[in-house]
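Per-chain residue numbering starts at 1, and chain names A, B, C, D, E and F are given in the order in which the chains are listed.
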Amino acid sequence: MKKIITLGEVMLRLSPPGNQRFFQTHSYDVEFGGSEANVGAAMAYWGMHVAHLTAFPDNEIGWAASGQLRKNGIDTQFIAHIPGRMGIYFLENGAMQRSSQVIYDRAGSAFAGFDGKELNWDAIFDGASWFHWSGITPALSKECAELTLTCLKQAKKRGIMVSGDLNYRSNLWKFGKEPHEIMTKLMEYTNVFIAGTRDFKQCLNEDFKNFEQAREMAFDRFENLKYIVKTDRVSHSSSHNSISAVLYEKKKSHSSKTYELTHIVDRVGTGDAFAGGLIYGLLHLKPKEAIEFAMAAGAIKHSVPGDILLCSLQEVQELASGEAVGKIKR
Amino acid sequence: MKKIITLGEVMLRLSPPGNQRFFQTHSYDVEFGGSEANVGAAMAYWGMHVAHLTAFPDNEIGWAASGQLRKNGIDTQFIAHIPGRMGIYFLENGAMQRSSQVIYDRAGSAFAGFDGKELNWDAIFDGASWFHWSGITPALSKECAELTLTCLKQAKKRGIMVSGDLNYRSNLWKFGKEPHEIMTKLMEYTNVFIAGTRDFKQCLNEDFKNFEQAREMAFDRFENLKYIVKTDRVSHSSSHNSISAVLYEKKKSHSSKTYELTHIVDRVGTGDAFAGGLIYGLLHLKPKEAIEFAMAAGAIKHSVPGDILLCSLQEVQELASGEAVGKIKR
Amino acid sequence: MKKIITLGEVMLRLSPPGNQRFFQTHSYDVEFGGSEANVGAAMAYWGMHVAHLTAFPDNEIGWAASGQLRKNGIDTQFIAHIPGRMGIYFLENGAMQRSSQVIYDRAGSAFAGFDGKELNWDAIFDGASWFHWSGITPALSKECAELTLTCLKQAKKRGIMVSGDLNYRSNLWKFGKEPHEIMTKLMEYTNVFIAGTRDFKQCLNEDFKNFEQAREMAFDRFENLKYIVKTDRVSHSSSHNSISAVLYEKKKSHSSKTYELTHIVDRVGTGDAFAGGLIYGLLHLKPKEAIEFAMAAGAIKHSVPGDILLCSLQEVQELASGEAVGKIKR
Amino acid sequence: MKKIITLGEVMLRLSPPGNQRFFQTHSYDVEFGGSEANVGAAMAYWGMHVAHLTAFPDNEIGWAASGQLRKNGIDTQFIAHIPGRMGIYFLENGAMQRSSQVIYDRAGSAFAGFDGKELNWDAIFDGASWFHWSGITPALSKECAELTLTCLKQAKKRGIMVSGDLNYRSNLWKFGKEPHEIMTKLMEYTNVFIAGTRDFKQCLNEDFKNFEQAREMAFDRFENLKYIVKTDRVSHSSSHNSISAVLYEKKKSHSSKTYELTHIVDRVGTGDAFAGGLIYGLLHLKPKEAIEFAMAAGAIKHSVPGDILLCSLQEVQELASGEAVGKIKR
Amino acid sequence: MKKIITLGEVMLRLSPPGNQRFFQTHSYDVEFGGSEANVGAAMAYWGMHVAHLTAFPDNEIGWAASGQLRKNGIDTQFIAHIPGRMGIYFLENGAMQRSSQVIYDRAGSAFAGFDGKELNWDAIFDGASWFHWSGITPALSKECAELTLTCLKQAKKRGIMVSGDLNYRSNLWKFGKEPHEIMTKLMEYTNVFIAGTRDFKQCLNEDFKNFEQAREMAFDRFENLKYIVKTDRVSHSSSHNSISAVLYEKKKSHSSKTYELTHIVDRVGTGDAFAGGLIYGLLHLKPKEAIEFAMAAGAIKHSVPGDILLCSLQEVQELASGEAVGKIKR
Amino acid sequence: MKKIITLGEVMLRLSPPGNQRFFQTHSYDVEFGGSEANVGAAMAYWGMHVAHLTAFPDNEIGWAASGQLRKNGIDTQFIAHIPGRMGIYFLENGAMQRSSQVIYDRAGSAFAGFDGKELNWDAIFDGASWFHWSGITPALSKECAELTLTCLKQAKKRGIMVSGDLNYRSNLWKFGKEPHEIMTKLMEYTNVFIAGTRDFKQCLNEDFKNFEQAREMAFDRFENLKYIVKTDRVSHSSSHNSISAVLYEKKKSHSSKTYELTHIVDRVGTGDAFAGGLIYGLLHLKPKEAIEFAMAAGAIKHSVPGDILLCSLQEVQELASGEAVGKIKR
């Protein structure tokens, strides 16, 4: 069983039930989610050993958060419980032409002040095959940026694969550092980029004519880089999207099928499900199969409420191969 | 801030949750709604000063009704609380090919017996720019028909704009008057008609070959008339409609975009949201922009549970201009 | 009022609310359903006298089950309450490309051990016009297979029409008998088969090139056979199917419209609603009208939560004739 | 199996969930209840044949009402579905020192206009042993007062026992008749009165010093009278009451235990459960046992949500005999 | 109609439904509450004109908060919507011997940074009779402490009555000021103290042998002081408390009844309901009646879910006078 | 951190929400529980390392069960997922005088057929300090009885403490063995008995005059026996019990306080919480403190919904020492 290490904040997700708006709700559905843990949880459901690194407040809500990760199969033994508040995000699910809305309330969270000084790196990376990070973590605070770099150095020291979802978020990065100074360094330790043109522009503070140009630059500049992965999404409405993805190697590329996604249930975490599928695929399959598996994982996530994929290996494989779509399985 | 006056009954709306039928439900979701208050609430959410005229029973359910209007931003200071029962409508949301069903239980309501004799017209119309009524109110009772006429005279006296949603309802009009006798008179005080061919036929008790003919007659006959507005809806199913609208001036017309509405959440109150958008548009925008704004308001209402629009100015403007449809806004 | 007799197990149906997965649910919605009782309940809602034959455990859950059938209009006076457990099926509603999942937990149920020895056949069949069974019942146990045969003989003795939904289920038939030995016999007493090619193959343990060949064989071999009915379904996804049906007489056939079913609410019991519509149609209408009525019943069931149709005669008739689709009825 | 006939209105009961107030609720729990049908349903749950006489609107809500009675075991074959509205009562459950509140919205209901002219009295009373009515029904309308009298005459003609819950309600009786004119006549046909001092005063329009005096007068004046039953309740708070009852024969009396009722779940329908227990007791037990059984039925109803008792014979018997109180039964 | 001004933070209250613990909940019930607004809302429900001063974030959750205050009858025209986050408190309702738990997450809220510089004091205090503050507000931040003092000076300038709920909270006061420096000053402007011995000790940084001594000191030292009010509570468990209160004038005192509170529904906001009752009482009643009215208001609040009293004048008066406790009002 | 091993079946618990009866519910709340896992989960919440031994079906419901145990902090690595069904118990919560009802539906479960042949005993018991079993497990099947004995031998081999909750259940033991033959043997390996007089009688098939006699016999006969623990419960009603406990050593005994438990939330699992507290106490405290800690754990469980204690060490300690009962902790 492959062991995967993921790093990142996990927030309390509060969303009005069904199609209600923030203004009218009288209750919030409770989930816990965060990009990197979502990636890990997708794989934990497939039986992989996934250990997540994060920090929660040392109170009942923090304990509920780690309990929920544990339920989802994540190894929570390295999670710290420290003073601070729980990061929160309020999610109003979009419907039809109406967009989804996210209100972040994550400033001052326990994780944002977490320096990871007491982590036992040998125990964490013992037997690990892969490390995954995203561009959200270094954007949160100086401590988080440094912790990300430390993780990457630990991963490199042990020669394991590293993926990074560059995922530039302009409303973060408030602690006084230029994103590109930090991101460029982190990208050097990374073997797989999940990124689009805008991410490359912002993370590197450079302008690119198009994705093609950005991609070429990246393969030239980052010598550890082995794959770039890009997803394409067309939003007809909040209830109807179409998506596909491409996996680029230095010299060739592999395109997935396009999925027509109508009757969307939950749009959040679909990129994370894709990333989980990608890591699984690159560890077990050939590149072409890997990108198909990843895209099927991302597509089927749109049908599952919450941040987490919660679909079996068999369900993803069947969708990737076009079997058993929309049946009643008895 | 523009001040708008609206008049009409607000009912307790009881609907089975989700897709349940009346026969199988074990609870009812509670909303409060009525055509004219829905029109006002759409605008109140955009920051306009909207005062609604109505009467509620002087009991806890009546107080809950006025509290809910107040939450939605409506100025409730002129609402009367008097003896009588609360008008109710039971709504079963349709789905797929199955139609929605409304069971009205509004006979004998407090509002139906409300004569408005103690209303302070100067206070009500102080600073007002617009008055809105619908063809439902005069159909309820003799008292309501007279109250509507009184309001129209008060509005005319002050020279403010008046819109009327003609909205002929054949299962009302039970108090012994011919609709056309009353409606014709009310229409004379009105500057904007929201009406289709059937409404013109019934309200005037005349036959028209088509909408064109009715429209010409109306501009000829009603000298205060400035605009006629008509919406067109095609119902593929309860879950999928397409809609558009046209604004007619005497000599020209302005057509909106057509919206393809799939995955409909709540069909009720969409015409009222449109009317709210129309009044807002005619007060702030050019005619072509006004009809686009109105239609965007009507379209996005299909995604919001309850009778009321509850979408911000920015959301409606973005939809009218085709931006940010179906995204995740962070 | 026509009287119909149905026979079969009714299970407790437990399904996670909305789109939740088994892994994440914290409550189950409760329904009661079973293929043959679903057929009967559709007709009971249309005012027919439907008596269902089954057995429930003699405990509070069994009493709730018979109470629910009674609410749905079924005559429960012949239902036995005996020792044993309640059969259960867990249903996870599919959405989008994700399939629905059913986990059966019906082994050892009260009904599986029910021999019906104390049933009063004269009382049951007094005034009856039709008997309906399905291929699920004889598959459950030796007792159930014998009870089905007894019913068929009772029906034949009285010369009433018999319909059978052949509905082969490979994961049943565990009591040591060959399906075709039993099924062939039961089919001999049956006037209407609801069956597709696979059902014919399994029930008769023969191979057929196509449906055409199976159908011809059936009309040749079963002399009581008057109609064969086959439905066709294309599953684009769990949320979008298209369906149609054909009614075959020996010498001619009648095809229904095709329904495009988007925004599916509940896929379960749609075949049973179709069968209920078919029996009603064959009792009251001409064959062409009957198959249209049946298919409309099956189509509109997709919009109703639970196993049971719960739509009025008028609603089905309007859909069959293409009126009033997706409106608001006031 | 004894057959019991009951007569009376059944209303839609709408109550905010849990301890919420009308002002703050966003949904209503749905039940159906009415005094006399509640009496009948208690006995139907014990296996007696109970036929209820009433009228419901001929719409989906009316059909849901009769379906619910049927689920609860009541024989609904004589219930009429006629034009009119559904009577409603809004119930806010009290808690602690805060009282429960009922808002009646029953004027103009289908039942209030029901004359029962088409009822088949021979079919209704075939095999019947008991008829039960309450003082609510004649108070609703002239039609209802006459229908009550008709029923009493039909019962008398067949020599069966009649019980009447005198239950004077001052806010009814609005159709222009003096209560005592009507009530006195109805009481003459009645063998068992459930009544307190206030009921005697109002129904007979006489003053009594105390219950003793009223009771003596009643046994003197009403020659068919065999039993008078009176309950006593002390309300410490909405959550804590104590209750007991006495059964009077002409010459002697039988007192029940006193029940200390803390943690009350639902106070409504407890008198009806008592009346159901009383009728059952007088049909099957000796007077002393009957009043104990009745009081146990009334007491345990306080633990069941809704209007209806829904407790088995065994549960009531065990409570009456003091066994198995507050255990876990496995 | 008396006008009352209140000042203070209103938070989003998130509580697991029923008796669930934070660790196990899957949804949060949503309320909005804050000590001083709760005081005001109690009185607004009794028809008084209550204007609340606070600041909310300028986002959908902030708008929902002011909408909810408006529903509850509060004049929200002076509420500011400014950048910042919504203060939150998580509430786990206690039950039996298990305590309730509150997790505050209010640091960095919009209100904590609110300086009120743009408030129009003349408009706010126009027609006002009373100003109410609590010891929570000055504890939040330097800005809040200064804003409280400004309000008190504005109130004094206009000669209106001022009440202060001293309510010392040791886990606030983190902005570097000594509580007693600020509190002593604020107390000088205040005519009514709601305080116990501990509050006096902390607010004045002095030691007192007992309440008697503290009270004497207070009347000596604060020349504007007219009343001191103290409540006494005994907690047998989270579900069972007993409470009473005393109103002290300089030379005499008035004690309320003691309420035995079993089956507690919601313990939060009961002191605020008491304070609302006290202000109402001191404005309309004699001191002895005032303290009885206040204590009845505080007692009956334990039966209402949420932070707010939501009981009518009549309900409080009846409880104060011992009438109609725990009945069914029809 | 102490490591504890527990063995036993964990069932799906389905209970109607709130106070509803089986007959009336439309949903079931979902929990997972079983006596021995409940014991372990109480301790896992206090930070102990608890590994549970059981088997679940190899389907989504089985995976949800192990996920839930994991969330609750239990080490699930030794849990088997094998063919079979999930054991179920239906729980209707009692209220007032009405008893709780449990309907077991556990026959043929995966666990009942589990022989544990592939368990790695060295890994399981590595570092373990305690093993806990109950009398339910050997009663389920021959396989389960043998597995219990195997565990006890493994525990003895390693010299760790063993506790057994004798808990005789007469409706189990259906596989053909005499209970006392099996139980006597298992008791020989056990150091702590949790048992009352009835348990001793049934497990040993002997008659005892009273507990005193049974206890003396036990200390004489079972040489490994160190403690006997007995709880006493008086059930005034389902909502009000009082409980206490005694810990017996061979020569002395320690009695706990008596807890008066009113407003009971969930009666199930309270004995298991007590047992968890007892094991914790015997591992960390003196006997007198241990029995007080255990009884506090058992008492406070009555306030927590579900089978599991979910209270912190501090909460139990505070209750044991009489601090902070029924407060609001901020």
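We adopt the following convention: contacts are C-beta pairs under 8 Å (C-beta built on N, C-alpha and C of every residue); 3 or more make two chains touch, one makes a residue touch a chain.
Predicted, not measured: the structure shown is a model, and the values here were computed from it.
*Asks:* Identify the chains in contact with subunit C as well as subunit D, in label order.
*Replies:* B, F
*Asks:* Starting at subunit C, how many touch steps does it take at minimum to reach subunit E?
*Replies:* The distance in steps between these two chains is 2.
*Asks:* Provide the C-alpha centroid distance between subunit C and subunit F, rounded to the nearest whole angstrom.
*Replies:* The answer is 44 Å.
*Asks:* How many angstrom between the C-alpha centroids of subunit E and subunit B?
*Replies:* 41
*Asks:* Mind pulling the residue numbers of subunit F that touch at least two other chains?
*Replies:* Counting only residues that touch two or more other chains, subunit F contributes 18, 21, 23-24, 26, 67, 101, 262-263.
*Asks:* Touch graph of the chains shown: is it line, ring, star, complete or other?
*Replies:* other
*Asks:* Provide the full list of chain pairs in touch.
*Replies:* Pairwise, the chains that meet the contact rule are A-B, A-C, A-E, A-F, B-C, B-D, B-E, C-D, C-F, D-E, D-F, E-F.
*Asks:* Can you list the residues on subunit D that touch subunit B in the complex?
*Replies:* 14, 17, 21-30, 59-61, 63-64, 67, 85-86, 88, 90, 92, 101, 103, 105, 107-108
*Asks:* Of all residues in subunit F, which touch subunit E in the complex?
*Replies:* 18, 259, 261-266, 299-300, 302-306, 310-311, 315, 319, 324-330
*Asks:* Applying the document's contact rule, which stretches of subunit D touch subunit C when the two form their complex?
*Replies:* It is residues 67-68, 70-73 of subunit D that touch subunit C.
*Asks:* Any idea which subunit C residues touch subunit A in the complex?
*Replies:* Spelled out, the residues of subunit C in touch with subunit A are 18-21, 23-24, 94-102, 104, 169, 171, 235-241, 262-263, 267-268.
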